[in-house]
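Chain naming follows the written order as A, B, C, D and E, and within any one chain the residues start at number 1.
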């Protein structure tokens, strides 16, 4: 599936009675790379979960490749091309690595699982292990690989580097970059390591208490010391 | 100084795969050791073996000169060996205040009390709030854990370990999932620890590792391939290739 | 020696009856993670349909069995949509409450519609004839049940472990939200699995009716038995359930032969001993 | 005035069928005899105890007496339920008419207890004589391991050994038994010529009888003896073919040939809805109502338990089961016990065919207890 | 630092007052309901006493299930132990003082709690449930076999408790028994309120949510749970003893799977993990059962079933749990 655009307007959402997101609007054109930043608990994960259809939405619209998807359930959105890698590494604990990957195939032939093994050779070694027996980093690899196997047109990555060895992080970011550059995916990324995120992204948005507090390019953000300090709570970027 | 923590020839296999292969490691009071290594190298398994959550095939663990290999996990905790978890393990229906109070009461052997409330114990409550304040989550003291963001849960996870006042502290990726803005709090909390405490930290955030560690141990495929100073580790070719990648370059340059 | 063989045959037959009746519960409880105390109620519904078809309408046994399975599934589908649907992923105790409630209702309705008497399902003559094994005779029906048990065990194992649907089912159970985010239509997966479980319950209810006769209180009377064999086996594991049924069947049968007056003691002490040794059940799925 | 009768029985749960029979018997009696005695209108209040639960029985009986103001307590399918309520009677000045519970000792618990059903001793003793007279000398006894089962075993043993027979083995099996094959193997191995069995009516009966046939015991010529609980009419359609030829002794068969019974069966059949569900508790309840009506007559509707009970001591009447008398001393019913054989009627249904009568049987259980 | 200390001390004092007020309100509410019951249903005290006894069983079940997360369908074993303990003491050993009978029941229940705790805590989840089922069946069977002591299936009769303190005779109307029961219930409630809020109670709640975490804090899971099981046994035993004293008969049903299952249903109905939930669950279930079974003794089971389904659909956290959640939500919105 080629990359698709994602437009969000006036989105507000939360958990049951708790409202977390208020009036979020932004757009990512097809093939763009967008970083979502913000301090602890500002709603980044909630934003992604809402796009994936897993929270309570109070209002607003979500358009995937021009088509309104906000009324759809989670699986329908996935079949429309939305890929979601959650922060909490939701591997299926009682399935083997290979079965985990199988679930992500979305009907592609079984042989395609090899693509995941090429991306993470470590997973191939552990293909018969249960999800629950993997190390933290291996689980992270599995979650990411599983979603990419489904060839989403828009990919939501919630802290995909967490717990990965530095070498793997580098390789992975490079791989994401290639996918986006080839026009195969639009990528939205949440990442705690701000520098990595800025190196990767074309655009940046910053969330503050569930609202968009800043939008712009990485270069603009690097130059804006004040914003970095107040919204990200970091003394400066190197 | 004599070792307060001494692991010898620890070995554990899972279905033929030696996940921890003959690992020996000792720490003296005041040590600040970083344990790094590729994903699946066996770091968490090592911690599980040391704390008694997993049984080793062979090898021994000693704490302050006492062999604790045969003791269960709780006994080891009572002897001062405390860990934090890589994936937070908290009581989702309880508040941070209750978490920390429970840890303090347990440390003092007061959890058997049936006719009192921790809220009626000013000494406990003061310590609870001081600790939560130190980690910047005092304002969440009475929220349910299930309602607070993951990064804040990580801080609470650390608070629990600290509340037990360990002699040996094992931290399994304490900063994973904590935003850069808050890693400083974690660093500070660790820096404030009593000087005679031995700390072993597993972490993939190299900035944190190099600010923290005075000694780095690298585990790969279940074996220790390096044990030395932070400066030396970036120069080690095997470590660079297996783990650090270009980070080593950046660091060497810096 | 002859006696030993004889007891062995009885044990095997009894164990297989247990297996056929309770395996559907293993699917709901182990795979769908629903503590379905109404399992017996569905088995009973199957029994009533078969009894009505074979006895009152005079249809052939095979047709009656088919009707029972299909009919029970048809009855179960709205129940799933309206009620079970709401308890997927809920705490176990909530599920207990709901499914006990359903059981009470089914008992009440059965009592009202069919009356409190026993209902039999006439078996064809070919199944009623005694078959000689050399050292003794058993009824052909027992052999039929053994065959059914074997077929169900193999088929179900293949379905769950080897088919794409099986993988999706297990994924949905592990984490429904994540499975959905990967494009699995979890609602459909759940509905189909529930239908399979209920179909098995009905089938078991009909085939096992020779030993556990159909009457309104059936739904509660054997609830504990089903729960015990499934849990001892390790919910969700087909080989585990089979092993548990055969083992407990054997213990029960021998116990009742050797010391009938302590039959209950035998059985439940064995249950405690087994769980003591295997705290997750014989083949407990890791959680 | 309205006189209230409180009836406690299993109206739901596994024994709902028996409770239904209580109600059918009571309804039949009131349909045939009207719902008034003198100027008083009789009102029946039902309370449900699904399984034996003495504490609940006591609470409900107390509620019936204190809150509903019943003048008579009746029903009681299970012995412990009846026993639990007896301490109330004197204080409350209320007679109790036991319509089923069959342990001999209940009548000794209070002078205000009258029983119109039977005791296990009463129905199990004659079958011992039948067995011996039929030429069987070695019998194995197989009973469910609970009060009535133990009673049945003791009664049969006493009767059979007194006649000169031998009990080769006495097996008590758990109430919850689904598969009787191992028991049948035991019976086979015991070398007995006959088996004496007692099980509570319901699904286990069916399993037991089927196993008896399927394991080749019937074909092997092992004789089968039991009190009539085992072949109660409501189980016969399910037992069907398998029960054919079983011999039991009991106080009542729905097929009993008398004008009184015809009237009863018609009325009770109508009351229960499905006549195939009719069985012995109905007649216990029917006669129980008769006793209560007599008591009300004697007291003129006033609440006087002593006088009421006194009035029915020695009372004789023609019951659907045959001639009966309330024994003046024990307050238990003296009645005929019949030997019956399960037979197939012309219309293809099965019934208990009475083949022999043991007249005016009292309760040997009370004597044995002394 | 000084600042936090101040607020700490202040807040503990305020907390304590708030807690005491809440407990006092709780006791008053129970008392008010009890008095109301007495006034409204003076002829139905036997039922109310029975509810009280079962409420003790359900409270005790809540301790292990609601607070410790131990799944059990065999809790009536503890209740039955108390009932038979008190009953046998009276019928065979002439201990007929109600307070002494109560004490015997409490001890018997606690012992039964220790034993079944030791067995049940071996496993988790479904296998644990099965262990508890095995226990209750074994206990039931043992009581059936030991008919010389227990009266077997005929029930243990001949229990004649003396007057309470030699002053109040147990009467036909059940007034003494009722008052005796209510006093017992309130005492148990007050004690349990303390226990569940104490550090020990907090530890139990922790174990329920994550035993591994508790171990990592150096606390013993097994030892803690066994202690809670013994406490729970004492409470259930008190309920059993109350039942024996007030009905003067003990039947096998008090050791039955059915009673265990019913207790669990009542607990879940009210809401687990809260003493109020246990009380409300018992009261509403038994009261509802009494009303519908009196209204229609033949088909009431269906109505009860429908009630249970309705509760799951409309109050999934149980009657009390859902009410509490609703109030909390209201309160939040108001703030």
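General observations
Heads up, the rule we're going with is that a residue touches a chain if its C-beta (ideal position, glycine included) is under 8 Å from a C-beta of that chain, and two chains touch if they have at least 3 such contacts.
Treat the numbers as computed from the prediction; the structure is a model and nothing was measured.
Shared contacts of chain A and chain E, meaning chains that touch the two of them, come down to B, C. The most distant chain from chain B, with centres taken as the mean of CA atoms, is D. Once the centre of each chain is set as its mean CA position, chain A and chain C turn out to be 44 Å apart. A straight line joining the Cα centres of chain C and chain E is 33 Å long.
Rounded to whole angstrom, the centroid-to-centroid distance between chain C and chain D, based on C-alpha atoms, equals 35 Å. Inter-chain centre distance (chain B to chain D, centres taken as mean C-alpha positions): 73 Å. Contacts with at least two other chains are made by residues 12-13, 16, 20, 145, 174 of chain D. Residue positions of chain C touching 2 or more other chains: 108, 111, 264, 287. Within chain E, contacts with two or more other chains are made by residues 141, 299, 301.
Residue ranges of chain C in contact with chain D, taken from their complex: 3, 6-7, 10, 13-14, 17, 108, 111, 115-120, 130, 136-139, 210-213, 215-218, 220-222, 225, 252-254, 256-257, 260-261, 263-264.
Those residues of chain D that touch chain C in the shared complex are 12-14, 16-17, 20, 145, 171-174, 176-179, 181-183, 185-186, 189, 202-203, 206-207, 210, 214-216, 234-235, 237-238, 240, 273-274, 276-277.
Those residues of chain E that touch chain C in the complex are listed here as 65, 71, 119, 122-127, 129-131, 133-135, 137-138, 141, 257, 261, 264-265, 267-269, 272, 299, 301-309, 311-313, 316.
Within the complex, the chain B residues that touch chain E are 51, 53, 72-74, 77-78, 82-83, 85, 89-94, 98, 101-103, 105-107, 110-122, 125-126, 129-130, 133, 160, 164.
Against chain D, in their complex, chain E makes its touches with residues 41, 43-47, 49-50, 141, 144-145, 152-155, 157, 172-174, 243, 247-254, 258, 293-294, 297-301.
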